[in-house]
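Read from first to last, the chains carry the letters A, B and C; within each, the first residue is number 1.
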């Protein structure tokens, strides 16, 4: 006991009025838990080295700072770090070794029933649940990297999991290979901003019964089923990217029983379904970009008063599909790349309405194998005929003022940049193989003769035109 | 007479249902000019084409220098051919065409006989595009192409059609020179007057049959004429065709 | 053969039609990328243009060129040269010229405006179509003595492949929808070279939709390495078989 006292005194370096900073180096004798137990509210503990003494419990307001090589390894017992006091900050740790258990939700960092917790710049390495907040107010989870490992659903849990929380801020985290990247249940008045959620088994982001929340500027890619927002009210979804969520039941964004939401300025690309809207009321869908999705929009007939404006639909196999004929929703002033009308009065809007529900969409609903004819001349003729004289497609679904050009967006075509998998060289190599025999055939004498070979003349190279901005 | 250079053995050619040539047996020798005559569609062109490999006989076979001609194209090295109508790649000049054909025949520079270019007045036109040439000039180019490889066998289809009299004479002189050098010359022509002084033998075809192949002297003496152009009509009228070859 | 190839290529390089083809494609592609507000739309419109126009042009051009050079072919045939060398050289030159024109007219704009995998596959499929339909064109020109009839046959074949075939197949599909037709749809569509080329492009641009079916049959069939090889083989057969027949016809053809 006396040694411990000496050690504590040795650790004591700076003294403030009522707050001290403790410097702890693992392997120096005492356990971290003993040190924590000896601190007072408002103290700071600076930790270095790997702490593997089982579950660490923080039960008073403390700042836990991770030094250069700070690791907290739960060793597979319970939660690696359990926080039960208000105003705890955990910053700069690598945390691993939580017990994998579905029964009692074991986590890398678990926070229970408190307020004002800050979890920042940590690396959560293959935890079961990574960051688990339950009944927490004013939490801030920021700049963490959360990596799980690929596996089966039974053995996986969520990356950042919030239950019955309010006024939380989830910002600039990166989550990969968990079950759901970010999970909200009964969470209100919270913000999710600038996160990247990839390769998660189920949803990149999952809302249940959560109200008045906003998620903005996040990036969701290659998640099993995309992003799901269910049974929630007043959710704002702005400027997110929903990419490459592919599969029979995968969605860029799945909305189920949502009221009064807004979806503004997002990008949906390469998803089997861009947005699926099921049983929603008053959703404002504006200025989004739907590009190269299977179905840009699946709108169930039970969706009411949804409003679509200023969106861009380009390169989707199907722009809109629905399961009913009466569509109590409005579409106005969107850009549809399939629009074949004209704009005589030059106001930027087509003079005849566009019917986004194509004949071919219906054919494929009836006979999925008809998909093989996608983009064939025959299908495009059928589609055109149907648009001129609608016979099978619902009369009410139309955009009366379709845009002639896609609206300009700042973050436009960001996703296209990701598609630039093939460098120019692949093209050049492929096509230059044609020039070799030509070069072989045309020796100097022939090339310099009166009528020179114009084919290889460089002057017919780019005739101008617009270079696409991939920024 | 010298040895047989070209021999037709029962050669027949059928286009669809129509026999253009029926069982022709004949031989052409070294050092002679044979004139092939007959009405339109009598089989003259088919006779020539089957020698050149442009048409393959339906029956029978042809030998050149003792070799039966088949898929091996080597025998054509000794043949010069001047077609009736020539259509050349429109984008080339005369010079380029000559160079190209020499390249294709793999002629060395010392094997090329180019004096005819000068003689027919083509030297100044070597840079002219073939598409801009008149029919006569095309014929001249054709003649040059046929003759410049110094062929042992020369085949000319209506060589004088479209040519001016002077050029006609010069081309025919060249044909005579080929014969004098021991070559075989086959000429099809409607204009007997121009060719008769040159011909050693005359082959007459009708409906694909070779009616006769006789020395010019024999034809003249049997009809008592001095000119072929008089002798042939008489011979045909008198049905003096008992000795069909 | 190399000599015929060389001189035919020189002739083709100055051929107005080949130049026109290169310029037309360049104009269409550039125009689509410049006029369409959206690069994705431009690429997809180009897909339709390529699938319809490329076969038509390759077919008609080859047929017309073969007729127009008949006299020159005759001139070549009396030279000490094998028939197979003549046709081989001509076909290679035709293929090279058309591919070259396409590289400039289609490859270049794609390279500049949309260097994506989809565009590369479009380029590749377009090139395959050029070869297939040039081969068919050559066969038609050799089988049919009359130019007008040859062009007519070419147009009919194009129309069949580009439209009628799909229409019939789709009609059959919906008529027989009560029967298990699934195993036949993909192979039947795959027989048509235009459909096959289109499916290869579709696997890039419509992939997301195709992943939507739990069976994901097209993806499984064509999207796998094996499927790609099968598709390439079918296209190669579409080139090889007409070319082989063309050689057989030409070897004994009366010129």
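Methods note: contacts are C-beta pairs under 8 Å (C-beta built on N, C-alpha and C of every residue); 3 or more make two chains touch, one makes a residue touch a chain.
Quick caveat, the model's predicted, so the values are computed rather than measured.
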item	value
Far-end chain from chain A, centres as C-alpha averages	B
Chain centroid nearest the full-protein CA centroid	C
Separation of mean Cα positions, chain C and chain B [Å, integer]	43
Centre-to-centre distance between chain B and chain A (centres being mean Cα positions), rounded to whole Å	83
Rounded Å distance, chain A centre to chain C centre (Cα mean)	41
Overlap residues in chain A, where contacts from two or more other chains coincide	446, 451
Of all residues in chain C, the ones touching two or more other chains	10, 14
For chain B, residues contacting two or more additional chains	91
Of all residues in chain A, those that touch chain C in their complex	244, 246-248, 250, 270-273, 291-295, 312, 314-315, 317-318, 335, 337, 363, 366-381, 404-406, 413, 416, 419-424, 426-428, 430-432, 434-435, 437-438, 440-442, 446, 451, 453-455, 460-468
Complex contact set, residues of chain C against chain A	5-6, 9-10, 13-14, 18-19, 22-23, 26-27, 30-31, 33-34, 36-41, 43-44, 47-48, 51-52, 92-93, 96-97, 99-101, 103-104, 107-117, 119-120, 123-124, 162-163, 166-167, 169-170, 173-174, 177, 181-182, 185-186, 189, 195, 198-199, 201-202, 205-214, 216-218
For the chain B and chain C complex, residues of the former touching the latter	15, 49, 52-56, 71, 73-77, 79, 81, 83, 85-92, 100-101, 103-105, 145
In the complex, chain C residues that touch chain B	3-4, 7, 10-11, 14-15, 69-72, 74-83, 251-252, 254-255
